[in-house]
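Next come two complexes, and both contain subunit A; in the first it sits with subunit B, in the second with subunit C.
Coming up: the complex of A and B.
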């Protein structure tokens, strides 16, 4: 049997996504369905004094729900029980949901929402995270003696870096439909990443046992983290209206509402102090991270954790201190976004490496080569990297493919000539990204996945891992097919529906391939063993497989082989001290960005991105490359274009006219390559890929901008006006009298 | 009453003539392959053909379609749609898929007007169609591939 792992088997659900037949939430016709609309607070902080209907409005057919209608506690369960489903009493951020209305006619529902008058008393909000006194979570990670280390280097390089909010801008906005079956079962159909998160949140809200809540993923038009935790909220709203109305209710956000109200990437300010020897050896890294969590805790502690654990970059340094905290502000809660804290801290770490290179006059590639992690290296948390460390290989390959050193020389000559209309630059970064949950997260989660053989001889993968563009279904099918030695086309993947699939945990954290893929492989191995025991081998014809299925299934409709997460042997993590093996394995990437800057307009044009990664075995090269290309495009947007503007805690540019995301014109040619360092516990040696491409491009862009102009732009995004201002300040420093 | 032809079928609709075509198609005619992304002509997810031209149905009122031919992704001629779909699959274009109806409708017009489009032609025609999954460079390759495929069929 030809192997399918390692080949570019075509996306399972490709054809239906190209014919218009894939069904996203709003494509379902649900009989009797009402349209729900959310009434949101216009102020960042205040007290709700009262909610009243405008007597002049015709309320016929309008259903209204407020916090009082919630059967259980008014809490959206996630990490801490601090976020209400509907604000009651107090408002803690602009756009916080206060009430819900529904009507059979969509525009009537919007009109009704506008006529529901909520009276507020405004309070002074805290918008600046540096002023916040409420700390959601903090970490301190230490290795060696940072104070002694800072004194022991030949010089200390300091820098402060900031990164803004980033909007997910999935093209399908958040959407959910909910209804109650005749037996009282609550059913939710939604655009989402994590069906079991929604399941967990809705049970207590509606005071229902697990089997009376059923969550089904519709085809999902992009997530990028933005549909990790937010669906709990919109699904809860749709369900509450459905309960009140006694009819199905669908809520589909428009673009403006989605951008104003839903989660964003955490903004951050990161400070570095690094002691280094003249020869480039890192002696001490002292890092301070401040993130803005927004009004409720949501996932902030875990975002901070990942940001903290990636804050030094992929380097082995004997003396490290990382102090980090995420604080509350009266702004919409920030949440998961591809990279989950790491793009923020890696931007700072990698741009800081460039400044170190400049300070000691070192070649940036050589400086990194000297300090990069390799097998046997120790990280700040005490983790020893035992295997699968492809950072150096990625860097060398990236430097070679991009022609880094030649380009630096060529561009130096170009930039030296004052009559040229542009500056050119090339910059580079190396990043790592831990696959799976942090520390003991996977053990606590205890995910399960299964492979079933049905009486009809179908082989079905059962997992709650969702497909939202990454290729989950395809990858699971490849792993299962190769494990059984059967054709790829014989494998089907069940829709993530909590009434059908086990809880495989959320589809986040670059964990689906490495962690859930491994469970699927183990389950498939169990099926294989059962087939071999019964028949001497895995049947290779459909007819024989059907025969085997009849005996294996007995009287049942299917025979299911389920596996639960087991920690790989030798892994240890201590939650109390936050030390040990922070991640099972890390993926690595080296990224070079080649760009040109117009001297008149300061416009930056990226010509080429070279991205080389070690993601272990590439299960599906074409899908993996797709993840790299797409993540890189988002990262370039973060670096150069996406500039959310806030005033008093409200996003002012919550539309695609002036919150600009990359178009085809902003997305350059990319040269993507893989240098696999297989991981022994990954399925067929695979590690994670989804988030890694978000990490490297922003610091590589900033490094290239410096190469081109000599300007250090330490705040994202690198807009033309920011460059122009930096140039003015260089020419006329403010402190010069 | 608005008279129009949708995917080859002649229809008389008594929906509000100011209603955006997008909602007429999706809600009245249940042609849900045309997607809503922004409602403000900013993303291209809702692209359809009006007398063969690519237009954004979210900002096109029903009245503008009076007496004209509307084509949606569901009604794309089998020859074009199969060539385009084959190319899209060969290049592994779609990720979440949400933008792809609009991308394909836009590409279909381009391929008719410029059977062998250059990269610049493609950028010109396609740069208004957003894809947050970042499939742009594959779309470019897929358009070239489809162009070859269609030319081969004709030869």
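Coming up: the complex of A and C.
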């Protein structure tokens, strides 16, 4: 039997999507369905004095819901019970949902929303995180003695870095439909990443037992974290209107509303002080992180945790202190976004390495080689890296493939000539990204996944892990097929539906392949053992498999083999001290960015990105390369183009015309390669890949911009406007005392 | 929404005179955005799709006449336009994407009067004239006078843009079209420059025409710069002087897409490099 793991097996749902048969929430025609619209607060902070219907408007057929209609506590359950489903009494951010309306006619529903008059008393909002007095969460991680370390180096390099909000820009906006069955079961069909998060949030809101809430994932047009926690909100809204109306209700945001109201990447300010020896040895790293959480806690503590744990970069330094905090502001809550705090802190860490290289006159590759983690290295949290550390291999391969050193020399000659119309530069970064939940997170989740053999001889993977473009279905099928030694096409994957699949945890944190894939493999091994016990071997024809299924299933419709997460032996984590094995395994990437800048317009053209990664065994090379290319494009947008403009806590450019994401013409040629260092506990040696590509390109871009122009642009995005200003200030520095 | 669908120009002008509050619909690329935002609800819409005659492009030895309903794609395909008005062709090729170029019309682009209209700087340097038609008759307005501000024109109630007339220019010594919009495609411009330059036999500047878009509420020809460089040699010294004069002709704006400082600096650089270019 040919092995399918390691091949680019065809995407399971590919033909359905290509042929237009895939159905997204808005494609479902639900009989009697009303269209729901959200009434949102126009101010960042205030008290709600009253909600009144405009008497001049025809309210016939309009259903209205407010906080008073919620059967249970008015809370969107996530980490802390601080966020209401509908604001009651007080508004804490602009665009906060205040009321809901529904009508059979979509246009009429929007008009009704505009005629529902909400009266507010405005209060002074806190918009600047540096001014906030409400800390959602803080961390302190220490290794060695940072004070002594800072004094022990040959020099100390300091730097401050900032990164802005970022919009996910998934192709399908947030959408949910909800209805109540005759027996009182609440059913939600939504575009989402985490069906069991929605399940957990809706039970208390509607005071229903677990079996009376059923959450089904519709085909989902992208997520990037933007559909991790937000669907709890929109599903709650659709369900509340459905309850009030006694009819199904669908809510589909348009792009403007989605950009204005839903989550963004956390903005951050990161400060570094690093002591280094002349030979490039890192002596001490002192890092301070401030993140803006927005108005409610949502996932901010976990985002901060990952940001904190990645804040030093992938280096082994004896003296480390990381202080971090995420604070409240009166702005829409920030949330999960591919990378989850790490792209923010890694931008700072890796650009800071470039400044260290300049300060001591070191080659950036050599400086990194000297300090990079390898097997046996210890991280700031005390974790010893025992296996699967491909950072050095990735760096060496990236430097070679990109021609880094030759390009540096060639571009130095080009840039030396003042009459050239452009500057050219190449820059590089090395990053790590922990796969799976942080610390004991996976133990608390206790995820489950199953493989079932039906009476008809079908093999079905049962997991709550969703497919939203990244390849979940394909990867599960490959792992199951090779575990059983059966053809890839024999494997099917059940739609994530809480009435059918076990809780495999959320589809986030680069965990689906390494963590849930391992559970699927274990379950498939159990099925294999049962087949071997019954028949001496796994049947290799459909007819034999059907025969075997009849005996294995007995009287049941299927025989299910389910596995629950078990912590790999030797892993230890202490939540109280925040020390131990922060992640089971890390993936690594080295990224080189080759670019050119127009001297007349300061426009940056990225010519080529070389991205080399260790993600363990590459289960599906084509899908993995797709993840790297897509993530790199998204990261280049973050680095160079995407500039959210805010005024008084409201996003002013909440349209794709003015919030500029890269087009295919802005996406450069990419050279993607893999240097696998397999992880023994990953399925067939695999680690995570989803978030890693978001981490490396921004600091590599900033390094290349410095190589080209000599300017340190430490704030993202590196817009032409920013470059123009930096160059002007270099030519005519302001008088400083 | 009430839809009026005239079959001829005469009928369109008559209907428009009867309901001057109607929203003229040409290619619909701006209209669809407004409609989606609910801004076209309960409005009367005057659909101009039936006015085939207004889509024609005609060329004589001295003038090229572009019907208001000619699309950006039509303009790019027309032989005489390609030969004589290459800057307009280049601008049309950078408007939105292919779908927008196939739908969007030159008349619609002008009537919408966005400060970022991509075709405006070329039309400004080509000294175009806009022909306006109403039930009362026709009149011509110089291109530079058709805009009254952001999204505002001098069109009177009941008046439609019928055509754009462009005098065929003498072949310039050099020409420039540059759109600066941060990303490579589908960008709304931060600044745009169009330039035509004629050198005399002795190497001095016989005539310069230079226009900037997206800098101010309306497209601007640089009158002071154009006057200053006349009769001078296009050297670095002159380029510096000309760049310094840009701010006299146009006061750039800060908005959500860019800054005044950046717009001015880029415009100055583009003008300076155009003046000192080798060819």
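In this text, the second predicted complex is superposed on the first by the 735 of 737 C-alpha atoms of A that agree within 3 Å, B and C clash if a C-alpha of one lies under 4 Å from a C-alpha of the other, contacts with A are read in each partner's own complex, and residues count from 1 in each chain.
The working rule: contacts are C-beta pairs under 8 Å (C-beta built on N, C-alpha and C of every residue); 3 or more make two chains touch, one makes a residue touch a chain.
What you are looking at is a predicted structure, and each value in this text was computed from that prediction instead of being measured.
Asks: Per the contact definition in the header, classify A:413: touching subunit B only (first), subunit C only (second), both, or neither.
Replies: Neither partner.
Asks: With the two complexes superposed on chain A, say which partner A:254 touches: subunit B (first), subunit C (second), both, or neither.
Replies: Once the two structures are laid over each other on A, A:254 reaches both partners.
Asks: Once the two complexes are aligned on chain A, which partner has more residues of subunit A within touching range, subunit B or subunit C?
Replies: The partner making contact with more of subunit A's residues is B.
Asks: Should A:19 be classified as contacting the first partner (subunit B), the second (subunit C), both, or neither?
Replies: Only subunit B is touched by A:19; subunit C is not.
Asks: Should A:170 be classified as contacting the first partner (subunit B), the second (subunit C), both, or neither?
Replies: After superposing on A, A:170 lies in contact with subunit B but is clear of subunit C.
Asks: In the overlaid three-chain picture, which partner chain does A:653 touch, first (subunit B) or second (subunit C), both, or neither?
Replies: After superposing on A, A:653 lies in contact with subunit C but is clear of subunit B.
Asks: Answer with first, second, both or neither: which of subunit B and subunit C does A:537 touch in the superposed model?
Replies: Touch status of A:537: no partner.
Asks: Just subunit B (first), just subunit C (second), both, or neither: which does A:3 touch?
Replies: neither
Asks: Scan A:665 for contacts with subunit B and subunit C and give back first, second, both or neither.
Replies: A:665: touches subunit B and subunit C.
Asks: Kindly list the residues of subunit A that each of subunit B and subunit C touches, one partner per complex.
Replies: 254, 657, 662-663, 665
Asks: Along subunit B, where are the residues that touch subunit A in the complex?
Replies: 26, 30-40, 42-43, 45, 72-74, 81, 84-85, 88-89, 92-101, 104, 122-123, 126-140
Asks: Along subunit A, where are the residues that touch subunit B in the complex?
Replies: That would be residues 8, 10-11, 13-15, 17-24, 26-27, 29, 168-173, 219-224, 252, 254-255, 468-471, 622-623, 626, 629-634, 655-657, 661-665, 667, 669-670 of subunit A.
Asks: Given the complex with subunit C, which residues does subunit A contribute to the contact?
Replies: The contact residues of subunit A facing subunit C are 107, 110-111, 254, 256, 421, 599-603, 641, 645, 652-653, 657-658, 660, 662-663, 665-666, 719-721, 724-725, 728.
Asks: Subunit A touches which residues of subunit C in the complex?
Replies: It is residues 36-38, 41, 178, 180, 182-188, 256-259, 261-262, 265-266, 269-270, 273 of subunit C that touch subunit A.
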